[in-house]
Amino acid sequence: VPLVVVKMIEGRTVEQKRRLAREITDVVMRVTNVTEDHVDVIIEDYSRENWAKAGTLFADK
Amino acid sequence: VPLVVVKMIEGRTVEQKRRLAREITDVVMRVTNVTEDHVDVIIEDYSRENWAKAGTLFADK
Amino acid sequence: VPLVVVKMIEGRTVEQKRRLAREITDVVMRVTNVTEDHVDVIIEDYSRENWAKAGTLFADK
Amino acid sequence: VPLVVVKMIEGRTVEQKRRLAREITDVVMRVTNVTEDHVDVIIEDYSRENWAKAGTLFADK
Amino acid sequence: VPLVVVKMIEGRTVEQKRRLAREITDVVMRVTNVTEDHVDVIIEDYSRENWAKAGTLFADK
Amino acid sequence: VPLVVVKMIEGRTVEQKRRLAREITDVVMRVTNVTEDHVDVIIEDYSRENWAKAGTLFADK
(Lines give C-alpha, C1' and ligand atoms only; values in the text may rest on other atoms or scores of the structure.)
Protein backbone atom coordinates (compact mmCIF):
# COMPACT_ATOMS: atom_id res chain seq x y z
CA VAL A 1 0.00 0.00 0.00
CA PRO A 2 0.92 1.35 -2.44
CA LEU A 3 2.14 -1.57 -4.52
CA VAL A 4 4.02 -1.01 -7.77
CA VAL A 5 4.35 -3.72 -10.42
CA VAL A 6 6.95 -3.23 -13.17
CA LYS A 7 6.47 -5.44 -16.23
CA MET A 8 9.41 -5.56 -18.63
CA ILE A 9 11.42 -7.72 -21.01
CA GLU A 10 13.95 -9.92 -19.17
CA GLY A 11 17.62 -9.10 -19.23
CA ARG A 12 18.00 -6.25 -16.72
CA THR A 13 20.80 -6.69 -14.17
CA VAL A 14 20.24 -6.97 -10.46
CA GLU A 15 21.80 -3.53 -10.12
CA GLN A 16 19.18 -2.08 -12.47
CA LYS A 17 16.41 -3.78 -10.48
CA ARG A 18 17.93 -2.47 -7.24
CA ARG A 19 17.86 1.06 -8.60
CA LEU A 20 14.33 0.73 -9.98
CA ALA A 21 13.08 -0.50 -6.61
CA ARG A 22 14.93 2.22 -4.67
CA GLU A 23 14.02 5.13 -6.93
CA ILE A 24 10.40 4.19 -7.59
CA THR A 25 9.93 3.75 -3.84
CA ASP A 26 11.35 7.23 -3.28
CA VAL A 27 8.96 8.73 -5.84
CA VAL A 28 5.94 7.02 -4.30
CA MET A 29 6.92 8.09 -0.76
CA ARG A 30 7.45 11.68 -1.79
CA VAL A 31 4.31 12.05 -3.90
CA THR A 32 1.83 10.11 -1.75
CA ASN A 33 3.26 10.94 1.68
CA VAL A 34 3.73 7.42 2.98
CA THR A 35 6.74 6.00 4.81
CA GLU A 36 8.98 3.65 2.84
CA ASP A 37 7.95 0.51 4.73
CA HIS A 38 4.48 0.89 3.15
CA VAL A 39 5.81 0.58 -0.42
CA ASP A 40 6.30 -2.72 -2.24
CA VAL A 41 7.83 -2.92 -5.71
CA ILE A 42 7.47 -6.14 -7.73
CA ILE A 43 9.34 -6.75 -10.98
CA GLU A 44 7.90 -9.11 -13.58
CA ASP A 45 10.35 -10.26 -16.27
CA TYR A 46 8.96 -11.52 -19.58
CA SER A 47 10.87 -13.53 -22.15
CA ARG A 48 10.99 -12.12 -25.67
CA GLU A 49 8.57 -14.78 -26.88
CA ASN A 50 5.99 -13.67 -24.31
CA TRP A 51 5.61 -10.00 -25.25
CA ALA A 52 4.31 -8.66 -28.55
CA LYS A 53 4.00 -5.10 -29.77
CA ALA A 54 1.99 -4.29 -32.91
CA GLY A 55 1.17 -7.99 -33.29
CA THR A 56 4.78 -9.21 -33.42
CA LEU A 57 6.64 -11.02 -30.63
CA PHE A 58 9.88 -9.32 -29.55
CA ALA A 59 11.51 -12.68 -30.32
CA ASP A 60 10.63 -12.11 -33.99
CA LYS A 61 11.70 -8.47 -34.28
CA VAL B 1 -3.16 1.03 -24.86
CA PRO B 2 -4.92 -1.33 -25.04
CA LEU B 3 -2.85 -3.97 -23.30
CA VAL B 4 -3.89 -7.61 -23.36
CA VAL B 5 -2.56 -10.15 -20.83
CA VAL B 6 -3.05 -13.85 -21.59
CA LYS B 7 -2.61 -16.14 -18.59
CA MET B 8 -2.33 -19.84 -19.41
CA ILE B 9 -0.69 -23.14 -18.45
CA GLU B 10 2.84 -23.45 -19.85
CA GLY B 11 3.57 -25.68 -22.81
CA ARG B 12 2.37 -23.69 -25.81
CA THR B 13 4.81 -23.45 -28.70
CA VAL B 14 6.32 -20.22 -29.95
CA GLU B 15 4.18 -20.61 -33.07
CA GLN B 16 1.03 -20.70 -30.94
CA LYS B 17 2.16 -17.60 -29.05
CA ARG B 18 2.95 -15.88 -32.36
CA ARG B 19 -0.56 -16.60 -33.62
CA LEU B 20 -2.19 -15.53 -30.34
CA ALA B 21 -0.32 -12.22 -30.43
CA ARG B 22 -1.12 -11.59 -34.09
CA GLU B 23 -4.77 -12.56 -34.01
CA ILE B 24 -5.65 -10.93 -30.68
CA THR B 25 -3.98 -7.74 -31.90
CA ASP B 26 -6.10 -7.87 -35.06
CA VAL B 27 -9.30 -8.27 -33.02
CA VAL B 28 -8.43 -5.36 -30.74
CA MET B 29 -7.53 -3.10 -33.68
CA ARG B 30 -10.72 -3.90 -35.53
CA VAL B 31 -13.10 -3.60 -32.56
CA THR B 32 -11.59 -0.56 -30.83
CA ASN B 33 -10.36 1.34 -33.89
CA VAL B 34 -6.74 1.74 -32.91
CA THR B 35 -3.66 1.19 -35.07
CA GLU B 36 -1.61 -1.93 -34.37
CA ASP B 37 1.33 -0.10 -32.85
CA HIS B 38 -0.93 0.81 -29.91
CA VAL B 39 -1.59 -2.81 -28.96
CA ASP B 40 0.62 -4.83 -26.61
CA VAL B 41 0.00 -8.52 -25.90
CA ILE B 42 1.73 -10.15 -22.93
CA ILE B 43 1.67 -13.90 -22.33
CA GLU B 44 2.05 -15.28 -18.81
CA ASP B 45 2.88 -18.99 -18.58
CA TYR B 46 2.07 -20.83 -15.35
CA SER B 47 3.47 -24.20 -14.32
CA ARG B 48 0.95 -26.90 -13.48
CA GLU B 49 1.73 -26.59 -9.80
CA ASN B 50 0.82 -22.88 -9.87
CA TRP B 51 -2.77 -23.08 -11.16
CA ALA B 52 -5.69 -24.75 -9.45
CA LYS B 53 -9.26 -25.22 -10.61
CA ALA B 54 -11.95 -26.38 -8.17
CA GLY B 55 -9.36 -26.48 -5.40
CA THR B 56 -6.98 -28.91 -7.15
CA LEU B 57 -3.64 -28.02 -8.77
CA PHE B 58 -3.36 -29.02 -12.42
CA ALA B 59 -0.23 -30.91 -11.33
CA ASP B 60 -2.50 -33.21 -9.31
CA LYS B 61 -5.22 -33.77 -11.91
CA VAL C 1 -7.72 -21.39 -18.21
CA PRO C 2 -6.76 -19.52 -20.30
CA LEU C 3 -7.71 -16.18 -18.86
CA VAL C 4 -7.42 -13.01 -20.92
CA VAL C 5 -7.32 -9.54 -19.32
CA VAL C 6 -7.88 -6.52 -21.58
CA LYS C 7 -6.76 -3.21 -20.07
CA MET C 8 -7.96 -0.11 -21.92
CA ILE C 9 -9.15 3.48 -21.55
CA GLU C 10 -12.82 3.70 -20.57
CA GLY C 11 -15.44 4.67 -23.09
CA ARG C 12 -16.00 1.55 -25.17
CA THR C 13 -19.62 0.54 -25.67
CA VAL C 14 -21.12 -2.68 -24.42
CA GLU C 15 -21.33 -3.82 -28.03
CA GLN C 16 -17.57 -3.33 -28.43
CA LYS C 17 -16.94 -5.29 -25.22
CA ARG C 18 -19.30 -8.01 -26.42
CA ARG C 19 -17.34 -8.32 -29.67
CA LEU C 20 -13.96 -8.25 -27.91
CA ALA C 21 -15.05 -11.06 -25.59
CA ARG C 22 -16.52 -13.14 -28.41
CA GLU C 23 -13.69 -12.72 -30.88
CA ILE C 24 -10.80 -13.03 -28.43
CA THR C 25 -12.43 -16.20 -27.07
CA ASP C 26 -12.63 -17.57 -30.59
CA VAL C 27 -8.93 -16.85 -31.21
CA VAL C 28 -7.87 -18.50 -27.95
CA MET C 29 -10.03 -21.60 -28.63
CA ARG C 30 -8.69 -22.01 -32.13
CA VAL C 31 -5.01 -21.44 -31.32
CA THR C 32 -4.78 -23.35 -28.03
CA ASN C 33 -7.32 -26.09 -28.73
CA VAL C 34 -9.56 -25.61 -25.73
CA THR C 35 -13.35 -25.53 -25.66
CA GLU C 36 -14.98 -22.14 -25.17
CA ASP C 37 -16.17 -22.82 -21.63
CA HIS C 38 -12.52 -22.83 -20.54
CA VAL C 39 -11.92 -19.25 -21.66
CA ASP C 40 -12.56 -16.19 -19.47
CA VAL C 41 -12.13 -12.65 -20.76
CA ILE C 42 -11.97 -9.77 -18.27
CA ILE C 43 -12.07 -6.12 -19.32
CA GLU C 44 -10.48 -3.46 -17.14
CA ASP C 45 -11.50 0.12 -17.92
CA TYR C 46 -9.18 2.95 -16.83
CA SER C 47 -10.15 6.60 -16.58
CA ARG C 48 -8.01 9.06 -18.52
CA GLU C 49 -6.42 10.31 -15.32
CA ASN C 50 -5.24 6.79 -14.50
CA TRP C 51 -3.18 5.98 -17.61
CA ALA C 52 -0.06 7.78 -18.77
CA LYS C 53 2.02 7.28 -21.88
CA ALA C 54 5.45 8.91 -22.21
CA GLY C 55 5.01 10.43 -18.75
CA THR C 56 1.77 12.29 -19.53
CA LEU C 57 -1.72 11.30 -18.34
CA PHE C 58 -4.24 10.83 -21.15
CA ALA C 59 -6.35 13.42 -19.27
CA ASP C 60 -3.63 15.98 -20.05
CA LYS C 61 -3.09 15.16 -23.70
CA VAL D 1 -15.19 -16.40 -11.38
CA PRO D 2 -13.97 -15.70 -8.79
CA LEU D 3 -10.29 -15.83 -9.59
CA VAL D 4 -7.68 -15.57 -6.87
CA VAL D 5 -4.06 -14.63 -7.60
CA VAL D 6 -1.46 -15.24 -4.86
CA LYS D 7 1.80 -13.36 -5.34
CA MET D 8 4.67 -14.50 -3.12
CA ILE D 9 8.42 -15.04 -2.87
CA GLU D 10 9.48 -18.33 -4.48
CA GLY D 11 10.44 -21.29 -2.34
CA ARG D 12 7.12 -22.74 -1.17
CA THR D 13 6.73 -26.48 -1.61
CA VAL D 14 4.12 -28.10 -3.81
CA GLU D 15 2.39 -29.27 -0.65
CA GLN D 16 2.09 -25.67 0.56
CA LYS D 17 0.70 -24.61 -2.83
CA ARG D 18 -1.73 -27.53 -2.74
CA ARG D 19 -3.00 -26.43 0.67
CA LEU D 20 -3.22 -22.76 -0.36
CA ALA D 21 -5.28 -23.68 -3.42
CA ARG D 22 -7.56 -26.03 -1.46
CA GLU D 23 -8.14 -23.80 1.53
CA ILE D 24 -8.51 -20.51 -0.34
CA THR D 25 -11.01 -22.21 -2.66
CA ASP D 26 -12.97 -23.40 0.37
CA VAL D 27 -13.07 -19.87 1.82
CA VAL D 28 -14.25 -18.36 -1.46
CA MET D 29 -16.95 -21.02 -1.91
CA ARG D 30 -18.25 -20.58 1.60
CA VAL D 31 -18.25 -16.77 1.65
CA THR D 32 -19.51 -16.07 -1.87
CA ASN D 33 -21.82 -19.06 -2.31
CA VAL D 34 -20.35 -20.49 -5.49
CA THR D 35 -19.57 -24.10 -6.27
CA GLU D 36 -15.90 -25.10 -6.29
CA ASP D 37 -15.66 -25.54 -10.05
CA HIS D 38 -16.16 -21.77 -10.38
CA VAL D 39 -13.01 -20.95 -8.40
CA ASP D 40 -9.54 -20.64 -9.93
CA VAL D 41 -6.43 -20.03 -7.82
CA ILE D 42 -3.22 -18.90 -9.54
CA ILE D 43 0.13 -18.73 -7.72
CA GLU D 44 2.81 -16.31 -8.91
CA ASP D 45 6.31 -16.98 -7.56
CA TYR D 46 8.81 -14.10 -7.54
CA SER D 47 12.55 -14.46 -7.14
CA ARG D 48 14.16 -12.50 -4.30
CA GLU D 49 15.67 -10.07 -6.77
CA ASN D 50 12.21 -9.23 -8.14
CA TRP D 51 10.47 -8.06 -4.96
CA ALA D 52 11.41 -5.07 -2.86
CA LYS D 53 9.94 -3.82 0.40
CA ALA D 54 10.83 -0.35 1.71
CA GLY D 55 13.02 0.20 -1.32
CA THR D 56 15.28 -2.83 -0.78
CA LEU D 57 15.19 -6.06 -2.80
CA PHE D 58 14.68 -9.21 -0.70
CA ALA D 59 17.90 -10.44 -2.33
CA ASP D 60 19.72 -7.66 -0.47
CA LYS D 61 18.11 -8.06 2.94
CA VAL E 1 4.30 -10.38 0.85
CA PRO E 2 2.32 -12.45 0.19
CA LEU E 3 -0.26 -10.43 -1.68
CA VAL E 4 -3.60 -11.95 -2.64
CA VAL E 5 -5.81 -10.45 -5.37
CA VAL E 6 -9.43 -11.62 -5.57
CA LYS E 7 -11.15 -10.84 -8.88
CA MET E 8 -14.93 -11.27 -8.89
CA ILE E 9 -18.23 -9.95 -10.21
CA GLU E 10 -19.44 -6.89 -8.27
CA GLY E 11 -22.27 -7.19 -5.81
CA ARG E 12 -20.71 -8.74 -2.71
CA THR E 13 -21.49 -6.99 0.56
CA VAL E 14 -18.88 -5.37 2.76
CA GLU E 15 -19.45 -8.18 5.25
CA GLN E 16 -18.55 -10.75 2.59
CA LYS E 17 -15.41 -8.79 1.71
CA ARG E 18 -14.54 -8.52 5.40
CA ARG E 19 -14.80 -12.31 5.78
CA LEU E 20 -12.86 -13.00 2.57
CA ALA E 21 -10.03 -10.76 3.74
CA ARG E 22 -9.98 -12.24 7.26
CA GLU E 23 -10.22 -15.90 6.25
CA ILE E 24 -7.86 -15.77 3.27
CA THR E 25 -5.31 -13.98 5.47
CA ASP E 26 -5.66 -16.75 8.05
CA VAL E 27 -5.06 -19.44 5.41
CA VAL E 28 -1.98 -17.68 4.04
CA MET E 29 -0.52 -17.15 7.53
CA ARG E 30 -1.06 -20.77 8.51
CA VAL E 31 0.22 -22.34 5.29
CA THR E 32 3.20 -20.07 4.61
CA ASN E 33 4.22 -19.31 8.19
CA VAL E 34 4.13 -15.53 8.03
CA THR E 35 2.63 -13.13 10.55
CA GLU E 36 -0.63 -11.44 9.59
CA ASP E 37 0.88 -7.99 9.10
CA HIS E 38 2.74 -9.40 6.08
CA VAL E 39 -0.46 -10.32 4.23
CA ASP E 40 -2.37 -7.94 1.95
CA VAL E 41 -5.67 -8.90 0.33
CA ILE E 42 -7.00 -6.79 -2.54
CA ILE E 43 -10.51 -7.24 -3.98
CA GLU E 44 -11.23 -6.27 -7.58
CA ASP E 45 -14.91 -5.94 -8.48
CA TYR E 46 -15.92 -6.25 -12.13
CA SER E 47 -19.22 -5.14 -13.60
CA ARG E 48 -21.21 -7.77 -15.48
CA GLU E 49 -20.35 -6.14 -18.79
CA ASN E 50 -16.64 -6.52 -18.07
CA TRP E 51 -16.41 -10.30 -17.55
CA ALA E 52 -17.15 -12.96 -20.13
CA LYS E 53 -17.16 -16.72 -19.80
CA ALA E 54 -17.30 -18.93 -22.91
CA GLY E 55 -17.37 -15.82 -25.09
CA THR E 56 -20.48 -14.28 -23.51
CA LEU E 57 -20.55 -11.29 -21.14
CA PHE E 58 -22.27 -11.98 -17.82
CA ALA E 59 -24.46 -8.98 -18.70
CA ASP E 60 -25.86 -11.04 -21.59
CA LYS E 61 -26.41 -14.32 -19.77
CA VAL F 1 7.46 -1.86 -22.52
CA PRO F 2 8.12 -1.35 -19.72
CA LEU F 3 4.69 -1.04 -18.15
CA VAL F 4 4.27 0.12 -14.57
CA VAL F 5 1.09 -0.53 -12.57
CA VAL F 6 0.56 1.43 -9.35
CA LYS F 7 -2.07 -0.03 -7.02
CA MET F 8 -3.17 2.25 -4.18
CA ILE F 9 -6.08 3.35 -2.00
CA GLU F 10 -8.31 5.88 -3.76
CA GLY F 11 -8.20 9.54 -2.84
CA ARG F 12 -5.06 10.86 -4.53
CA THR F 13 -5.52 14.06 -6.51
CA VAL F 14 -4.98 14.32 -10.26
CA GLU F 15 -1.88 16.39 -9.50
CA GLN F 16 -0.44 13.52 -7.43
CA LYS F 17 -1.21 11.07 -10.24
CA ARG F 18 0.39 13.44 -12.75
CA ARG F 19 3.57 13.57 -10.67
CA LEU F 20 3.63 9.80 -10.11
CA ALA F 21 3.33 9.19 -13.85
CA ARG F 22 5.98 11.78 -14.72
CA GLU F 23 8.53 10.82 -12.09
CA ILE F 24 8.15 7.04 -12.37
CA THR F 25 8.53 7.36 -16.14
CA ASP F 26 11.73 9.35 -15.61
CA VAL F 27 13.14 6.67 -13.28
CA VAL F 28 12.32 3.86 -15.71
CA MET F 29 13.85 5.75 -18.67
CA ARG F 30 17.03 6.54 -16.79
CA VAL F 31 17.56 3.08 -15.27
CA THR F 32 16.56 0.92 -18.25
CA ASN F 33 17.74 3.16 -21.07
CA VAL F 34 14.50 3.43 -23.02
CA THR F 35 12.93 6.54 -24.50
CA GLU F 36 9.87 7.94 -22.72
CA ASP F 37 7.41 6.93 -25.42
CA HIS F 38 8.09 3.29 -24.47
CA VAL F 39 6.87 3.72 -20.90
CA ASP F 40 3.25 3.32 -19.80
CA VAL F 41 2.11 3.98 -16.23
CA ILE F 42 -1.29 2.73 -15.10
CA ILE F 43 -2.86 3.72 -11.77
CA GLU F 44 -5.37 1.43 -10.08
CA ASP F 45 -7.44 3.02 -7.31
CA TYR F 46 -9.02 0.76 -4.70
CA SER F 47 -11.80 1.73 -2.34
CA ARG F 48 -11.13 1.24 1.38
CA GLU F 49 -13.48 -1.74 1.47
CA ASN F 50 -11.42 -3.50 -1.23
CA TRP F 51 -8.00 -3.57 0.44
CA ALA F 52 -7.10 -5.37 3.65
CA LYS F 53 -3.84 -5.44 5.56
CA ALA F 54 -3.29 -7.97 8.35
CA GLY F 55 -6.76 -9.37 7.71
CA THR F 56 -8.64 -6.08 8.26
CA LEU F 57 -10.20 -3.93 5.53
CA PHE F 58 -8.98 -0.31 5.50
CA ALA F 59 -12.67 0.61 5.78
CA ASP F 60 -12.66 -0.98 9.26
CA LYS F 61 -9.42 0.50 10.58
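First chain written, first letter: the chains are A, B, C, D, E and F, and each begins at residue 1.
Criterion: a residue touches a chain if its C-beta (ideal position, glycine included) is under 8 Å from a C-beta of that chain, and two chains touch if they have at least 3 such contacts.
The shown structure was predicted, so the numbers you read here are calculated from the model rather than taken from an experiment.
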Pair of chains joined by more contacts [C-beta pairs], A-E or A-B: A-B
Subunit D and subunit F, separation of their C-alpha mean positions in angstrom: 22
Shared-contact residues (touching 2 or more other chains) in subunit A: 1, 3, 7, 40, 51, 53
Category of the chain touch graph - line, ring, star, complete, other: other
Residue numbers on subunit A that touch subunit E, as the complex places them: 1, 3, 40
Parts of subunit A lying in touch with subunit B, wherever the complex brings them together: 7, 46, 49-57, 59-60
Subunit C - residues contacting subunit B, complex: 1-9, 12, 16, 19-20, 23-24, 27-28, 30-32, 51, 53, 58
Subunit C-facing residues of subunit F, complex: 14, 17-18, 21-22, 25-26, 36-37, 39-45
